[in-house]
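My questions all concern the structure below.
Order as written gives the chain letters A, B, C and D; numbering starts at 1 within each chain.
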Amino acid sequence: MRALKRFLEHSLVQNLIIALIIVNAIILGFETWPPIASQYGSILSVLDRALLVIFVVELSLRLVAYRLSFFRDPWNIFDFVVIGIALLPATGGLTALRALRILRALRLVSMIPSMKRVVAALLSALPGMASIITLLLLVQYVAAVIATKLYAGISPEFFGDILKSAFTLFQIMTLEGWADIARDIMVHQPYAWLFFLVYILSSTFTVLNLFIGVVVNAMQEQLGEEVKAEHSEDVAREQAHFGLLLEEIKQLRAELSAIRVERQSPP
Amino acid sequence: MRALKRFLEHSLVQNLIIALIIVNAIILGFETWPPIASQYGSILSVLDRALLVIFVVELSLRLVAYRLSFFRDPWNIFDFVVIGIALLPATGGLTALRALRILRALRLVSMIPSMKRVVAALLSALPGMASIITLLLLVQYVAAVIATKLYAGISPEFFGDILKSAFTLFQIMTLEGWADIARDIMVHQPYAWLFFLVYILSSTFTVLNLFIGVVVNAMQEQLGEEVKAEHSEDVAREQAHFGLLLEEIKQLRAELSAIRVERQSPP
Amino acid sequence: MRALKRFLEHSLVQNLIIALIIVNAIILGFETWPPIASQYGSILSVLDRALLVIFVVELSLRLVAYRLSFFRDPWNIFDFVVIGIALLPATGGLTALRALRILRALRLVSMIPSMKRVVAALLSALPGMASIITLLLLVQYVAAVIATKLYAGISPEFFGDILKSAFTLFQIMTLEGWADIARDIMVHQPYAWLFFLVYILSSTFTVLNLFIGVVVNAMQEQLGEEVKAEHSEDVAREQAHFGLLLEEIKQLRAELSAIRVERQSPP
Amino acid sequence: MRALKRFLEHSLVQNLIIALIIVNAIILGFETWPPIASQYGSILSVLDRALLVIFVVELSLRLVAYRLSFFRDPWNIFDFVVIGIALLPATGGLTALRALRILRALRLVSMIPSMKRVVAALLSALPGMASIITLLLLVQYVAAVIATKLYAGISPEFFGDILKSAFTLFQIMTLEGWADIARDIMVHQPYAWLFFLVYILSSTFTVLNLFIGVVVNAMQEQLGEEVKAEHSEDVAREQAHFGLLLEEIKQLRAELSAIRVERQSPP
């Protein structure tokens, strides 16, 4: 068991897996480049299957080696799901899933420490943002219901039902083509600009604050550490200086007391 | 009275109200999803009315319990208005107001402390921004008057009157489709690019500074508090150290004086 | 002279001028609202002329009171130009200038201190940005020449001459409709995406750095002052403590010396 | 050799070159302004050739003066390539390269120190961003492969092959016209909104973090230096104070010891 772990974590094995993932990503990329796909399609397909076998073997070995603790690392769950997708039969409604095989390339992130750190940093910003994201979703939901109620009849393409409205409102939040949508509705409801103005201002302001949260968080972490290290150094130095001075003064006092004692019992 | 307050603020009652608000939000959402709305429309409508009754009762009880101090909390006024909207007759020009019933869902914000804090933080940034927002509105007004004077004849759709101009200028400020509008006018007035360039640069620069204000404000609050706590700790420690050293030295002096006195009056 | 200055700077006179500027802004706004403009157009025009007379008188008095030092304040030059525009004959190529009469409303900025401070803060960020703005203009010029050389034949509407190219590139920098322009050209020159990619990345990256410069500048000013005040307080306190300790120790030494002298010359 | 270096680095020669670069940039600009280009085209062409000769001579002299160390400064390599482009024959597939002659104007950046510093600051931010840029490219590649697999059949114009998909995804990342592309596909694949939503959120979030990295980096450099200078001043002052106090106390102790010694050997 321990030998298997050592084998899997050996840098040669790790680098081989990284290389195979890159090769696999290139193969899957070639499949989307018609001139090559049409000529070498079958070879690419065989290679992809061969690589899949290797990945399945590697994943199985890791499962054997780490057992249930394997599932403690979210990156392992990601690997597990991505490999699992490739093993599903490509029939019926699942053909779309075949397109997700390329997600394997994202395993590179979990295998290269510097990339892993960047993604961890990106994701670490999210929990602190939970409240504001919930608020944003609530505002989106409320706006979608209002927009559907008000404009479903006028503009069924954009606001026909709540899902269409939610999509359109997301589009408006990205400020893409919002004015044309608003103008079409304002032909029938001249005061519709009020809804769009309020929605754009409130949603972009909330998103801005979401961004600020991420920025302040990042600065607190990156700048803060440096400043904190410096500060605790300052405190330590000041403490040491204070200690030395106090010690000196105390010895002075001891010496004075000694003199006094000597005086009272003269030689 | 006190019993009523205790009842209303009891966590069970609060959680029940939160649950009913969520249920109500879902019901109002279903009404905008045609397959469900067409089949269960009447049931949804009855449920909505039943919930409205509960909310009216809850609001009345709060009014009785807190009397005029009820209106001191802006969230209460918000509740009052939102419930009031639902009680208006849905006839004539007021049908649009029925769409605002879903605003009740925003009461969730006032009932969940973490959400309340986020919204309070968002709104707290606004007062400091009053000057720059006034400036932005003034620039918008001036630009709208100029644009109407210059382009009302050429492009009545976009700049026909001051309201249309204001809307179009807001659109241009979001950089959405501004180039097409500008090009249409530049066919007739080749120097119109000057107006659009100046407007885009000045309005986006002002908005950028509005954003910076919000960012700096947020950092001052979030980073500042931490730094301030640390700083007052530093000051306190330094004061304490200074006090101790001074005390020691004073005792030293007292001892010296004692020696001197002893010397002058030898044993 | 001094009396005239005191009269002009009297808060009553200032507030009257502010009120007249607002009234004038509203009048000029009404002129762009067809229902009112068509009915009361002549009255509005008379009122505007009357107000212009008052502003001319006020400006002349200020010129008399301050003489050449009047032109030292850039806001005064702004007033002078804006009033001057209104006095030009509205004929020939100058009709467009009549639309600029509303610029008078911007005098509000110079008359309300809090607004003046905001605008001063906005403008204060510009000098530090001179280098990066020059760089941006240089990049724009170079890109405009290249784009005209490469695409004038293919897309004369967007890149026909250097001015059209500069306008189109500014449009692309705002990311508005850039993809359609690029795709039209890529039909004829498949590698044109390279130019657009490089241009978008370099120009947005430069603008981003322009923004960062403004942000860092603003933070340095707003946060910096507070921190600096605190810091100089800290330094002063530390200096005072050090001085007191040193004084105490020196007195101690003086006392010791006194003892020694006394000993060597016993009573 | 040393004389040649001194000649090339003489401020008169440097300013002459700067002037010639500006003249050359203006000439190349005039070539893209039809009214002038058609009338004075041949003169402009002759002038451009004359200036090219001067630049080639200057570059050769610099090559002679600095030899291989010439290529150590990346700005020199830039000059070398840009001048080299102009010397290539303008035939066949290379006509496009003639449009790049204007890149010479960018030599201004390398000749004006303040501009050079700005560009160096811009580029200095890049190495620290390597990980996140790699991540962004990986995400782009994965998304392009998925989009091609899923939508090549439905929307060959936008997602026909991996290069078209990459271009379209870059367009979507700039939020330009993304909704129309998404809606066209959603007609055939109703769940396509999921792909676009995930792609937009993840790519804009990554770009946001790229920006934050640049901002934090810039602040660390610009604000950090100031703070660090101040801090090391504080530390130095505190060290000096501590040293003085310690010295005083030690002298006190020496004096006490002297007293003690005197006492034990009385006069």
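In this section, a residue touches a chain if its C-beta (ideal position, glycine included) is under 8 Å from a C-beta of that chain, and two chains touch if they have at least 3 such contacts.
What you are looking at is a predicted structure, and each value in this text was computed from that prediction instead of being measured.
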| item | value |
| --- | --- |
| Interface sides of chain C and chain D: same vs different residues, half threshold | different |
| Geometric centre distance via CA averages, chain D-chain C, whole Å | 27 |
| Centroid distance [mean C-alpha coordinates] between chain D and chain B, Å | 38 |
| Interface hub residues of chain D, defined as touching at least two other chains | 175-177, 215, 219, 234, 238, 245, 249, 252, 256, 259, 263 |
| Chain pairs that touch, as defined at the top of this document | A-B, A-D, B-C, C-D |
| Of all residues in chain C, those that touch chain D in their complex | 131-132, 134-135, 138-139, 141-142, 144-146, 148-150, 152, 160-163, 165, 175-180, 193, 197, 200, 205-206, 208-209, 212-213, 215-216, 219-220, 231, 235, 238, 242, 245-246, 249-250, 252-253, 256-257, 259-260, 263-264 |
| Complex interface listing, chain A residues touching chain D | 25, 28-29, 31-34, 96, 98-100, 102-103, 105-106, 108-109, 114-115, 117-119, 121-122, 125, 167-168, 170-171, 174-177, 211, 214-215, 218-219, 222-223, 226, 230, 234, 237-238, 241, 244-245, 248-249, 251-252, 255-256, 258-259, 262-263, 267 |
